[in-house]
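Next, two complexes with chain A in common: one pairs it with chain B, the other with chain C.
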Partner chain A sequence: MSDVFFTRAGKLAARKVAGEVVILRADDSSLYVLNPVAAAVWEAADGRTPLGAVVRDVICRDYDVDPETALRDASEFLAALAAQGILHTSEQPLPPAGQALDGARA
Partner chain B sequence: MSALMQQVWDRALEQRIPLSVQFDLTYRCNERCVHCYLDHDDHGEMTTAEVKSVLDQLAAAGTLFLIFSGGELLLRKDLFELLAYARELGFDIKLKTNAILLGEREADRIRELGVRSVQVSIYSHRPEVHDGITKVPGSLHRSLAGIRFLQARGLHVLIANVLMTQNAADYPHVRALAAELGVECTIDPTITPKMDGDTSILNLRISEPQLLRVYTDKSLIADFANEPTTDDEMLDARPCSAGHTACYISPYGDVFPCVQFPLPTGNLRGQRFGDVWHQSPQMNEVREIRMRDLPTCSTCSFMTTCTRCPGLAYMEGNMKGPSSADCEKSMVRARGQAAGKDVA
Partner chain C sequence: MQARTTVVVDVGDVPVALSTGDPTLAAVLQQRFHRFLRPSAAPAFHFDISVIPEDAEDGDRDEDLQVRSEGGLWRLRRGDFRAEWDPDTRRGWIHQRLSPYAADSVLRIVHTLLLSRERGFLLHASSVVRNGRAFLFTGPSGAGKTTIARLAPSDAVVLTDEISYVRRVGDRYMAYGTPFAGELSDSGEPISAPVAALFGLAWAADPVHEPLAEGTAVQILMRNILFFAADPALSRHLLDTACDFAGAVPAFRLAFAPDARVWSTIQ
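On to the complex of A and B.
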């Protein structure tokens, strides 16, 4: 799971409101408010940074948590957000900037 | 509103975040509705680059809900460029349109861009009444065609049915039409003065007996439901979201607390949005007002159930005064209750 890459799904609205990431789906108006770890995963969703790097470089830096626990929590959030259609996951990174794929960004 | 959504609004209120902004991109219009409060001449609306700059500033300020309205939006040739830009910035977007220029191609683009909701004004199920209000022959037919294009693509569509003397009896049929089309419908008996202060169109407001009929129509209870609160809670309450979590921007860059509250607070051609929002003395005056500061309304027996609009009060000359239209609504509701009817 640490090598998985992820991008934001299309047709979502999102904003950081008072420190929390708020996401709204255009198709059914579902609302999501992410906790800080899920928000870190969301904000790092560029399709090129693997989850393991997000855990190491962002979550472990900002929160007092060991890498193993952080990766397990982040993996759970990623799976949950992917199951909701909020994030798309891939075993391959997106091509370098300038060669963006359709639907890679909301 | 869900509890989670209420939490988001509460946090925005605590942090003074303009969570919702109505942004009119043009006042030009291809209809000439008899009750419209706008001047449709173009007095120099913002350019594409100016609008994009404002959108950047709104995103930075924390705005999530963006309502693009007009005038008629589809008269802006750069509309889809602006929509795409706004979506890139992560806004949740609702459009307000008359839909008469909305064909299959436009509906496809709206769908592709991830617009969440489209509101279309329909005044009557009868072409002669609807077209008589818009002053455009064939407009009902074209607006309904636009709605069908949107609905067929799975978009959330809302019919807005503004009531006035000409169409007061037609709302049950408009609601039936909405149900047939598979879209939602809201009823609104509010006619506001023109933005330049001209009150001549207020004679289009529906009569008290017509208002009583609306307020005693059991099929509309949910539309007008208003939870009573205690007097103490009410006295500490803010009159509405205008200036607290919401505001309005005109095509010329003017910032007002609300589309119905034309108190000038700044202009984005010479000021940054964040400066207007946080530092405008007028905006701060609006947001300091609590119900207990309203000399007449705070002692009124209808205070806990009244739907007083501060903007309408402002247009009557005093933002801390009563709004006579809302006083009338409160009295009509009370009359309905006194008659033993089930009134929301």
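On to the complex of A and C.
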């Protein structure tokens, strides 16, 4: 899972408010609120940085959590948002949000 | 040829003309919007309304609302009406059953679309003006919006007990009265005032009145703002506005029992 690449889906509006990220999905007005750790993953969703690097370089640096637990939690979070269509994931680097996503899993 | 009646309904300083050749519908609209009629106002938008005969077979009456944009033209449909609106020409039409609710719904939708680009929104909330300041009380159905409006002191003016109209004007947010009411409630008063506070409502035997974090206020707003269009650009505008509002207007959690003394804590 540490080599998973991820990027944001299109048709979303997102804003960071007091450390949390609020995401509004345009097609059905669903609302998602990410806590600060999940927000760190969201903000790193550039399609080029693998999840393992985000966990090592951001989450473990900023939060008191062991790498194994952090990676497990981040992987679960990533899978949940991918299942909701909020993020796209792939085993290969992805184009930035809003561009073609052939082969990516949403 | 039957004479047409035009009813100009002014909500939020946006007069909308509703024109119909059906005298019964004209009377229904005049009654529905009686406090918000501005016959002398120059309409910003104009809708021609025709009535679907009661015995007509015209689709599924229980059809859910659909709102979509095609080439700049908004198409609206629900079991009791079809409508189109062109913001560029400022004209539209409504083909509806004989009731006040179809035109009411079209007006709500038109205002949400207009407000989304003007740092504003319609909110599931009652709003009350006291001492020149507006207080918004939001929450889902049953949270106490109507109750707290009815408990307001005699020197207060109810802008609405169901749907609040909020728009940024200059450096502050203003609340305007609306005629948008449920079947059993009356319309609000057609005045406006700067918004002093937002309250997220809940019921409790022991009253609770505590500040809300900005992020929580944004969540409460987003869960209660009326929004009908699956449009990414409008969604971004709406979220931006909710965040801006939460940063500009203090928000509180207000849990209360149905007792007028709750108003002693609302300043």
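A few comments on the model shown:
Throughout what follows, the second predicted complex is superposed on the first by the 94 of 106 C-alpha atoms of A that agree within 3 Å, B and C clash if a C-alpha of one lies under 4 Å from a C-alpha of the other, contacts with A are read in each partner's own complex, and residues count from 1 in each chain.
To be clear about the criterion, a contact is a pair of C-beta atoms (placed from the backbone, for glycine too) under 8 Å apart; a residue touches a chain by one contact, two chains touch by 3 or more.
Treat the numbers as computed from the prediction; the structure is a model and nothing was measured.
Overlap between chain B and chain C is detected when the two structures are superposed via chain A.
Once the two complexes are overlaid on the shared chain, A:V4 sits clear of chain B and of chain C alike. By the touch criterion stated above, A:A13 is placed in contact with chain B and with chain C alike. Using the contact criterion defined above for the overlaid structures, shared-chain residue A:A79 touches neither chain B nor chain C, since it reaches no partner.
Touching of chain A by both chain B and chain C, each in its own complex, is seen for residues 10-15, 17-18, 20, 22, 24, 26-27, 29, 31, 33. Residues 10-15, 17-20, 22, 24-29, 31, 33 of chain A touch chain C in their complex. Across the complex, chain C meets chain A through its residues 213-215, 218-219, 222-223, 227, 230-232, 234-236, 238-240, 243, 246.
Taken together, the chain A residues at the contact with chain B in this complex read 10-18, 20, 22, 24, 26-27, 29, 31, 33, 105-106. On chain B, the positions that touch chain A within their shared complex are 2, 4-5, 7-8, 11-12, 14-15, 17, 19, 59, 62-64, 87-88, 90-93, 114-116, 154, 156.
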